[in-house]
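Each of the next two complexes has subunit A plus one more chain, namely subunit B in the first and subunit C in the second.
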Partner chain A sequence: MNGWSFIRLHAILIYLFMFLPVGVVVLLSFNDSQFGSFPMTGVSLRWFVELWNNDAIVRAFKVSFLLGGLTAMISTTIGVLASLALVRYEFPGKQFMSTLLIAPILVPEVVLAVALLLFLRFLNVPKSFPLLLLGHVIFTMPFVVLVVQARLVGITRNVEEAALSLGASPIQTFFTITLPLLAPAIFAGALFAFTISFDDITGTLFWKPGGVETVPTQIFAMLRNSISPEINALGTVMIVLTVGLPLFGAALARTISSRRGA
Partner chain B sequence: MTTPAVELVDIVKRFGAITALQPMSLTLPEGSFVTLLGPSGCGKTTTLRMVAGLLDPSAGEIRIKGKRVNETPIHKRNLGLVFQNYALFPHKTVYDNVAFGLRYRDIERSQIKKLVNEALDLVQLPSLGDRYPKQLSGGQQQRIALARAIVIKPDVLLLDEPLSALDANLREDMRVELKRIQHQLGITTLFVTHDQSEALAMSDTIVVMSAGNVEQVGAPEEVYNTPSSEFVARFLGASNIIESRTLSVDGEHAMVEARDFGNVPVPIERVRNAITGRESKLVIRAEFLTLNKTDKTPADGVLSVNGQVETVDYQGQAVRYFVRVGDRQLQAINMIDGHPFAEGETVSIHVRPRDCALLPGAIT
Partner chain C sequence: MASTVEARETRQPWILLSPALTAIVLLLIIPLAFIVVYSFWLRTAAGSEQVGFYLDNWKEALTDSFYRDILLSTLRIALITTIACALLGYPCAYFIARSKSGNKTLLLLMLILPFWISYIIRTMSWINILGVSGALNTLLVNSGLLAEPLQLLYNEPSVILGLVHFLLPFMVLNVYVSLEGIDESLESAARSLGCTSWQSFLEVTLPLSLPGLAAGGLLCFVLAAGTYITPLVLGGARDAMFANLVYEAIIVQLNWPLGSALSLMLLFVLGLVVTVYNRFVGMGQIAKSFGQE
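Right, the complex of A and B next:
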């Protein structure tokens, strides 16, 4: 056995290790048996139907979509504005602000989660959905800022200056030139924010008010009682969403840029 | 007298403690082509950006068509701007790039189409309207950038090193092209470059700048033939600067005693501030020093000095020689006439006094 085939085998094993469990979950979600494990007794979509009929799960999905959507919207809006300030303007303490903005991804999430919780306790504010949203915005924004900043650095100021010289006001210049050029990064940032928020469990467990469940916390709660085959189906849906969405986004971005001959 | 297109009155630019531009005044007559020439950091781009409204002057006044524009933001100044990096809008087609400025003016749709097509015709790229900038070559992109700037009929066209990113051959074509379009439209142009040959070829007036100061303002021949300072003499073309002493000045000549060359009568129109008995600098362009065989006697009135060829830099149609004369090296650029001289050869260097210029002061 030569070196290359060894490396190839090694690579295959690593991929198996990473993806086999995921594959098993997807496979078992189609199992007809009432136990969520092997052996498979037949192929069926019954667990997906069960899922659909389970009010708690449907509610959790609604919460997760609402939370993810709002998180993406807010974090992208603020993130884009912050990136513009950090790249296009000079102000005192800029470096410090920049680091501070990225800090939430450097701090362990549990620490961040506890810190925000204690802070709210200190302020005597009860937990609520807007506060959960706030938490998600805090730790998804760094991703938006990083992506948008990188793109913004690549857009030369001359392009904006050319637009200004041609008679477009600063605001018109932003909407006709800067924003369209930033669009792929903004889109990517929003997708990041959505999927991260949609997947998150650590922060959500600390911040969610009583009675509100997102999909991950719902799965977590269900697992504590029993391993129902429904969970496999739920896992499959989650995988399709969180993998499919970014892939779809990347494909869309590629189509747009190829149309421009890039 | 008509109002000049642009007037700069004692404008100054300071960045913190650094003065990027010392008080500068300049007038661009309507339809003129004025070039700011200098090395990087001389303040030429700073000046252009102040005219554009991308920088605010720290002091002084900028007038466009006689009206003070210091407080007018860039998008209300009606300017055409062309950058070194083209700065086309990558997400818009060529047509939309050129039409961009027209959409912010009160112009009918059909009229916009006509104007854009005229502009594209003018830059000789009439059929590229639906392409995207990335599908064009650098030269084409720069033509589109020019079309975009002129289609709005700006009061003044500002060109910030527009040719510097192009290949040498293309650059010369674009130079001719740019000048043709400027001439055809009669558009007042402020051109920034560090390339002396661009400046000499294109300008009505050259403003030579150095370290935030204006060194000289004049027509290309004037700046080239009668430099006002050692900096200008060295920056434009290849010059030999020789220490000399002014012996006498009369209505026709300044007689100087130059090192190695002896007494040189410099024509008075090429002399600046000569004072009898003071040190001065004799400026001889490299192309006015001709190398000859040592047995060739110079023509009447032509000065000669012997030297030894140290380096031969063959350039095709011409040769640049570095010749050792005494303890100094002189530069000579000669057209090739027969066989070029070889390294180590002893030659007789000839120069006509009327090809010399004289500057005041000692060599710095």
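Right, the complex of A and C next:
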């Protein structure tokens, strides 16, 4: 066996390691047995039906979607503006600013969660949905900045300058030229922010008010008992959502950009 | 006219940056400064806070062997996880980087996929594998290799396994990005000058890929050391990590000044690691991997 085939075998094993456990979750979610484990006693969709009828889980999905959607909107807006500044302008302190903007991911999430919670408690802001939202915005924003910056680098200002010199106002130029050009970057950033928010658990456990659960905290709470087939089914739904959505998004973005001929 | 355009050029970046800066200052910088102050306050027996300058929390956080032991074991777990990720991830990244372009797209896509799968689900998926009635035990008992299922979960190795599973894609991606940036002709040049392929790897490729290895290592270490969920899901009662202590102090005991001191301790230790990394490698290396979609 030569070196290369050894490396290939290793890589195959690593991919199996990454995906096999998740595959087992999906497999077991179709298990007819009332225990969330082996052996498989038959194929059934009953656990998905149970999920649909479980109010707590449906509520958790609503909270997660609302939170993720609002987080994506806010952090993408401020993140895209900041990325424009960093990519398109030279100014004193730029290096420092770009480090500062990604600071929230350099701080461990627990520390960020504690600091924000205690500070807002001190200001008499109770644990609440807005606090949860602020928390999610601050730690998703750096990811938006990183993703959008990486995409913005390739977009030159020539087209905008052409529009300006042909008499378009800066506002017109922004909405008719800049924004459509930025659309894939904005989309990528928003998707990133949504997924990170949708998946977050550590900060959420600190910030969420009592009785409010997001999907991950709901799963976490259900795990305290034992692993039930319902959790596996919930896991499968989450995988379909969080893997399916970005893949769909990427396909959509590719279609849009190819239609534009870019 | 020229001067107003110039003035706009200098003002504009700051206008664009202002919402993000406001958010960072109000939601990160001031809260961090606040818990620094808070950590010197005192929680009285009555449950209220005594404003002032007391060193009690810091004394407790720094001298109590309970906190020190858990801090050390947290750092040890993070270090083992990082090394395991490096050893397992490097060859895999090398394989992706040297694959033909068609396969490479698929391999990269499959490398990104785990990032999109929920962390809590990836963590709990190991219960299905290693649990008493999990896949592995079922297999071993059914095949007659074991008479009784083994308890493979709820210990330190299973925590580390969960962390490696979670963090490996970060490592592979970062190493891949730096390998991809190396001119392949350098390696063939080394070979044509008489190096074996192993030598040319050791002398040329490996040193050039160290920044990516360091970036992946930093991410793995910092994320592992700050873990809160993995020890709760895959660890036993004695496998608490430092973040669990912080949660305990803040949410369960409601001892906010002590919780502040403990969080700052974690921040300080990990901040030190980040500073050393930044000094030798620089933050730009991590940003590169975000160009990969």
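Everything that follows uses one rule, which is that the second predicted complex is superposed on the first by the 250 of 262 C-alpha atoms of A that agree within 3 Å, B and C clash if a C-alpha of one lies under 4 Å from a C-alpha of the other, contacts with A are read in each partner's own complex, and residues count from 1 in each chain.
To be clear about the criterion, contacts are C-beta pairs under 8 Å (C-beta built on N, C-alpha and C of every residue); 3 or more make two chains touch, one makes a residue touch a chain.
If you're wondering where the values come from, they're calculated on a predicted model, not measured in any experiment.
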Inset, instruction - State whether A:A56 touches subunit B only (first), subunit C only (second), both chains, or neither. - result: neither
Inset, instruction - Using the superposition described at the top, determine whether subunit B or subunit C touches more residues of subunit A. - result: C
Inset, instruction - Mind working out whether A:N158 is in touch with subunit B, subunit C, both or neither, as first, second, both or neither? - result: first
Inset, instruction - Once the structures are superposed on A, label A:L112 by its partner contacts, choosing first (subunit B), second (subunit C), both or neither. - result: second
Inset, instruction - Classify the contacts of A:L16 with the two partner chains as first (subunit B alone), second (subunit C alone), both, or neither. - result: neither
Inset, instruction - Return first, second, both or neither, reflecting whether A:A82 touches subunit B, subunit C, both chains, or no partner chain. - result: second
Legend entry - Touching partner for A:V137 - first (subunit B), second (subunit C), both, neither: second
Inset, instruction - Classify the contacts of A:L166 with the two partner chains as first (subunit B alone), second (subunit C alone), both, or neither. - result: first
Legend entry - subunit C residues within the subunit A interface of the complex: 9-10, 12-14, 16-17, 19-21, 23-24, 27-28, 30-32, 34-35, 38, 88-89, 91-92, 94-96, 107, 110, 113-114, 116-122, 124-129, 131, 133-135, 138, 165, 168-169, 172, 197-198, 222, 225-226, 228-229, 232-233, 243, 246-247, 250-251, 256, 259-260, 263-264, 266-267, 270-271, 274, 283, 287, 290-291, 293
Inset, instruction - Provide the residue numbers of subunit B that touch subunit A in the complex, in ascending order. - result: 52, 54, 73-81, 83, 85, 87-91, 100-101, 104-105, 131-132, 134-135, 145, 148-149, 152, 158
Legend entry - Complex interface listing, subunit A residues touching subunit C: 3, 7-8, 10-11, 14-15, 17-22, 24-25, 28, 35-39, 77-79, 81-82, 84-86, 88-89, 91, 94, 97, 99-104, 106-112, 114-122, 134-135, 137-138, 141, 143, 145-147, 149-151, 188, 195, 198-199, 201-202, 205-206, 215-216, 219-220, 223, 227, 231-232, 235, 238-239, 242-243, 246, 250
Inset, instruction - Spell out the residues on subunit A that touch subunit B in their complex, using ranges where they run on. - result: 156, 158-159, 161-170, 172-173, 176-177, 180-181, 260-262
